[in-house]
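As written, the chain order gives the labels A, B, C and D, with residue 1 at the start of each chain.
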Amino acid sequence: MKRIGVFVCWCGTNIANTVNIEAVTEAAGKMPGVVYAGNYKYMCSEIGQSKIKSAIIREKLDRFVVASCSPRMHESTFRKTAAAAGLNPYLVEIANIREHCSWVHKNKGEATAKAIALIRAAVAKAARDKELWATQIPVEHRALVIGGGIGGIQAALDIADAGFEVDLVERTPSIGGHMAQLDKTFPTLDCSACILTPKMGEAASHPKITLYTYSEVEKVDGYVGNFEATIRKKARSVDLEKCTGCGICWEKCPSRVKSEFDEALSMRKAIYIPFPQAVPNVPVIDRASCRWFTREKCGICRKTCPAGAVNFDQEDEVLQKKYGAIVVATGFDVLDLDDFGEYSYGKHPDVLTSLEFERILNSSGPTGGRLLRPSNQSPPKNVVFIQCVGSRDKSRGKPYCSKICCMYSAKHVILFKEKYPEAQAYVFYIDIRTAGKDFEEFHRRAVEEYGALYLKGSAGKVFPDGDKLLVKGVDSLSGHALEIEADMVVLATAIKAKSDAPQLARLLGISTDTHAFFMEAHPKLRPVEAHTAGIFLAGACQGPKDIPETVSQASGAAAKAIVLLSKENLLSDPCVSEVNESLCTGCLACIKVCPYSAITEKTIEEKIHGKALQRRVAEVNVALCQGCGSCTVSCRPGAVNLKGFTNEQIMAEVDAICL
Amino acid sequence: MKQLSERIKEAAFGSLSSGQVEMVIGWQKGPLWWQSFPAFITDPGETASLIWDPFSVSNLNKYLLNEVPKKKIALFLKGCDALGFNQLLRDGRVEREKVLLFGIPCDGLVDPARVEATGLSKGLLQVKKEREELVFYYKEGQRKAPARDFYYSKCLSCRYPNPVTCDEMLGEAVPCQPLERFANVSKLEAASLEERFTYWSRHFSRCIRCFACRNVCPACSCRECIFDIAEPRWLGKAKESGETLFYHITRAYHVAGRCVDCGECARICPLGIPLAELNRKFIKDINELYGEYDAGADLDKEAPLLTFKSDDPDVSA
Amino acid sequence: MKKITKEKLALFWELLARRATLYLPLQEDGVVNFAPWKNGARVNLRENSLVPPKNVFFPQAETYLRFQTGAKKLQLESLEPEEEFILFGVRPCDVASFTILDKVFLEEPVDGLYAKRRRLGTLVSLGCNEPGETCFCTSFELEPAFAPGADVMVWDMGEFLLWEAQSEKGDELTAKINELLDEAAPEESASALSLRNTTAAGEAAAGCQQEWNTAGLQEVLRGKFNVELWEKLYHRCLGCGICTYLCPTCHCFDIQDFSRGLEGERFRCWDSCMFAEFTLMASGENPRPTQKERVRQRFLHKLLYFPSKYGLYACVGCGRCVRKCPVHLDITQVMEPIK
Amino acid sequence: MSVNLKQGPFEPLIIAFCCNWCSYAGGDLAGTGRMTYPANVRVIRVPCSSCVSSNFILRAFQRGADGVVVAGCHPGDCHYTSGNYFARRRFLLLQRFLEFLGMEPERFQVHWISASEGNRFAAVMTETTEKIRALGPNRKLRDTR
């Protein structure tokens, strides 16, 4: 007979207020196999754990159940408790009587009855727990960083500085990301390029970092410590080795296309570098707009290239490389304003998004840093900044706060007023959020030093009025309707997840939240890890962030990756599938449903009625198996079982929970 | 049919006497007119006892699971049997190189119950097929009737009368003119929930759990069946409606996407439970939801439950 | 001898069913089986049942114990049948099967459940008018239209049923339903006897039916444990339970527990020697490792071991296995060649 | 026995198999957010919806469940990349089959609930409980013992 202990946690009042702890403890004591049941205020505390440990020894428990919070919270804690008391850590089961019971039910009688049922199921499962042992799996000492913005660059540098090889994959022709588009940065107003460019150069020249620009990750297989990624290096049509970046080709190129980097405010050539400080400083041919590729005419760039670097025949290159860890730093997009017609965006050239305004402010931008109205190249006198365009907007935009807009708008006000001290800035806002070091001070400067008029309320409509723009709004503090004659209107457009984030999530086997931002393993305690082991998150791909936050998360992700990469071997989760060869028929349906190619066939020999026979059976590679259990269902006789969740265990749980 | 009978004997004799195979599995005749049963012959001298008649309905290929040949085993496959053979092959239960397959085009076999229902069985000594007709032999003489009137309903809806696989075909291909096989399923689908429940409970209440439906099925080839495993015991042995339902749901579910629709389960059921309709419900749904799939015939397609598409229909909540 | 006209049958069933649970051969989806009669049920007195009536005395599954654990002491509650019943329409071959089951269950140690059901039940046998194609009860010295072991014997004479009580229980039942019975005329009573003779002769004579001479069969079988015949026969066996579950004399059972938390019940249920698990031991060892040993066991048990112990064959020639074995590996196929 | 002898108005028993990564976490989030749903729902944690065998579902019905819910990650978001795609096929066929046998299809439900959908978790459980309450007890698949 098993000797099971049950430990019921009050979780202070969290459980005890809704669940009758004494009744639950008494009921648990009568369950089959239970020899001891006790309770304590905080089971996860030092004292709580030592109570468990002493009960294990005193009552000779050979396994136990903790009825407490979610196993996702403290299962690992109590497994350690078991190990410390000399029990195999897999002889522990958790009954979740907090998140799944006390917190969601109000009636104490019902919650108590349900808690007892949940414990009964956990006891039934625990009775069938077996000792499990982790196996060791080797680690590939190389990291893959996806996304070459400031987050990706920082993560790559940190990992490389720790001595590990890093491959940095960037989809566009240059690393740098959104930060490269910015003029100044808040709250210090240092020049974005001045602080970013050295980092880009450092990444490019770091002996441990390999840059794959104009490249995409197509496929990721494997598992923590042993990922295998397929990377497509798109054909640049320019030889990276030969090109000197002299620029003759793009000077001569006759095709003009809107520049993505300049937010379509300027034109670039079909052969181009996105911006002057691009890394690598090697152009690419945008084959969709190149005359050679669309009409098989031209070829000027090839003719004029002094280095002979232009190569129209270059093909995509597909690489397969192994990695121990992956950092995802794919950044963000800006919300599409199609649904916000009232602002006349797209209809009037003087209505801009903040990012477009940023480009206009930038000395290397389309206007060379001269801030003029796009419509007539005249200096603006009145500029209206509208906050929360698409942010905090459940109906048309995103319900969340984009977090950086309040600060960059203050920055925009200051930069604008620096250029035109006589002009007036108006800012329509819902709330001003300045939580951050020196943020409030920065905002106050915009108001006090630069005299920006902050108007709490919404700007309902922007429409052209002669050669001006008329902004209609409400000042909700005074209740007055406002009409402001503006020369330019700047929309603080919401940040959103990359439109293809769900596809990348699928590729990596990680999850996204409601808004397609990648989900962290725990919002507080594991903010830089994805749910899938070995994959880490940095920057705005996980949610709106400013530069310092992105950089610190990137360093955090890098630190986590370094912890992983610096191990020779990992201990694998022993909750993997196993095959009972005597039951296995060898139909191999399990192979078909395994997402990790963790099952293979093998031939065994056995004696049946004196005859030696060979037959095929399935075999599980414990290093590859991730414990999903899909194979167990595909196996009709139940020859494949998932350790920790065996058919017998789940069946016992069902029987017990239905009582 | 007589000609086919001769060719079967010749094929059996030839393959055994040449040493190509060590055993031939065919059919022999019992003392009563409707008794034709599987025969296992190792001596070439005994091959003359093999027959082919309108009652050679037994599927022979599942016997391959019990035999461990050093060389090869020869056996005869009708259209439905060939599908079953392919399913066994796909499940890794037979080795293709260990069998010699003789194909038998078959346009249908006779259901003794239909003969009995017409009263023709009284004093009946033998039934033979001559072209499209059956000849009934009695002490006093003989009578004739159109053969198709006596065929098993599963034969009337057969879509693969000619074997899709074999090493040698022993006859001319027969025309395929199947009746709609989902007629009964559709009829049931159109009935109300309670009518369906009553219908199936009535049928299932007769089940004696003899497991004949499972044992005869070419898609049920597990070394040990989930229903027989004692630890954990999924299927209890009590005569409980819940247990019986569990058995029938699980049996049909385990062959979903694998059932070759040979109809043997229903034919063999001593209590007349229309088991094939359960399998056909799955086939019909699979065809509708995931595209046409004929287990045992569509060898280039993945079994529907072992694959997916990202835009598969959702489970309606 | 009494008689009852067929028009009165519906009333008759109702009256009988009021006295006790009335099992009758009822037809459903074309299948005839014994089941408790309810108004509107379709009674079929022409065909014998598919599942033999042994399941009335020896149900396929039968709970006999309830238990409760958890408390210091195990709590047990025995269950036994309480309900009186009338089993009407049992053919003489099946009546004879009860004599065989009695040997197993009523000799020491007596099986209480079976014994109690035998006491509670009144057995009304219906003589066969016309033996079926697969009948061979005469091989075992049985009469198709007469069952000495029945409490009441009934013959179907077309317009009416003849009714004759043959035991005390039979007399009691007759008394209870006397209002519906008429006295049979002497020539009517005599017709029963002629029916007995013609059916017996008919079975022996009919073209495709067979009669096996079972005389000396035991002696012949005694040396046949290792003959090659078994090797030949067993191959085609599918290992299903049709023959055993449809056999009126097969009586093997398994004992199983069903539990729900701390409560549970123990029941016995039919088992079949055709199943591999029948002899599978906990260690994994199986003394009858292949279908060959299982097939041999079944037939030798019926025709050699049982008669050696009890002095009669464990087969009554009902022909169910002949009709329903999907591969025609029935007892007749064994008896003939083995001799 | 116990399940059959419950007194008072009908309270359905609902067993929910929840995948660890999405739906169970969604359940946790419902708890963290103090959303309420009926106590009739009892959750069994499994790694993935593809790990839920029809055996468990039928067993739950046999043992007295009035409704069974399987909840997994949204298609495409499976922690194990493809588990719920297989589950979707398995369960759609099973659900249609149970209906074919005369079971009320509402008794067996499949829902995709992500880790971020605590509110949805609570809503699904509340709705399911109400639906099953309206249907009344499961008598068709239940063990009568």
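The rule is simple: a residue touches a chain if its C-beta (ideal position, glycine included) is under 8 Å from a C-beta of that chain, and two chains touch if they have at least 3 such contacts.
Note that the structure is a prediction, hence the values are computed from the model and not measured.
Trainee: Return the chain whose centre of C-alpha atoms lies at maximal distance from the corresponding centre of chain D.
Mentor: Relative to chain D, the chain with the farthest C-alpha centre is C.
Trainee: What is the distance in Å between the mean C-alpha positions of chain C and chain D?
Mentor: Whole-Å distance between the two chain centres: 46.
Trainee: What is the distance in Å between the mean C-alpha positions of chain A and chain D?
Mentor: Chain centroid spacing, chain A to chain D, equals 30 Å.
Trainee: Between chain A and chain B, what's the gap in Å when you average each chain's C-alpha atoms?
Mentor: Here chain A and chain B have centroids separated by 54 Å.
Trainee: Per the centroid of Cα atoms for each chain, what is the distance between chain B and chain C, given in Å?
Mentor: Here chain B and chain C have centroids separated by 31 Å.
Trainee: Could you check chain D for residues that touch two or more other chains and list them?
Mentor: Those would be 2-3, 54-55, 59, 63, 76, 82, 86, 90, 145.
Trainee: Where in chain C do residues touch two or more other chains at once?
Mentor: Only 63, 258, 260-261, 290 qualify.
Trainee: If a residue has to touch 2 or more other chains to count, which residues of chain A qualify?
Mentor: Within chain A, the residues that touch at least two other chains are 593, 634, 647, 651, 655, 659.
Trainee: Drawing the touching chains as a network, do you get a line, a ring, a star, a complete graph or other?
Mentor: Topology of the interface graph: complete, with all chain pairs in contact.
Trainee: Using the touch definition from the top, list the residues of chain C that touch chain A in their complex.
Mentor: 69-70, 260-262, 289-290
Trainee: For chain B, which residues count as touching chain D in their complex?
Mentor: Chain B residues touching chain D: 185, 188-189, 193-201, 226, 234, 238, 240-243, 245-246, 249-250, 252-253, 256, 278, 281-282, 285-286, 289-290, 304-306, 308-310, 312-317.
Trainee: Can you list the chain D residues touching chain B in their complex?
Mentor: Residues 54-55, 58-59, 61-62, 75-76, 82, 85-86, 88-105, 109-111, 124, 140-145 of chain D touch chain B in their complex.
Trainee: Can you check the complex and tell me which residues of chain A touch chain D?
Mentor: Within the complex, chain A touches chain D at residues 70-73, 96, 98-101, 103-107, 110-111, 113-114, 117-118, 121, 502, 505-506, 509, 511-514, 519, 531-532, 575, 593, 595-596, 626-630, 632-634, 642, 645, 647, 650-651, 653-655, 657-659.
Trainee: Under the stated contact criterion, what part of chain C meets chain D in this complex?
Mentor: Contact set of chain C toward chain D: 63, 258, 260-261, 263, 265.
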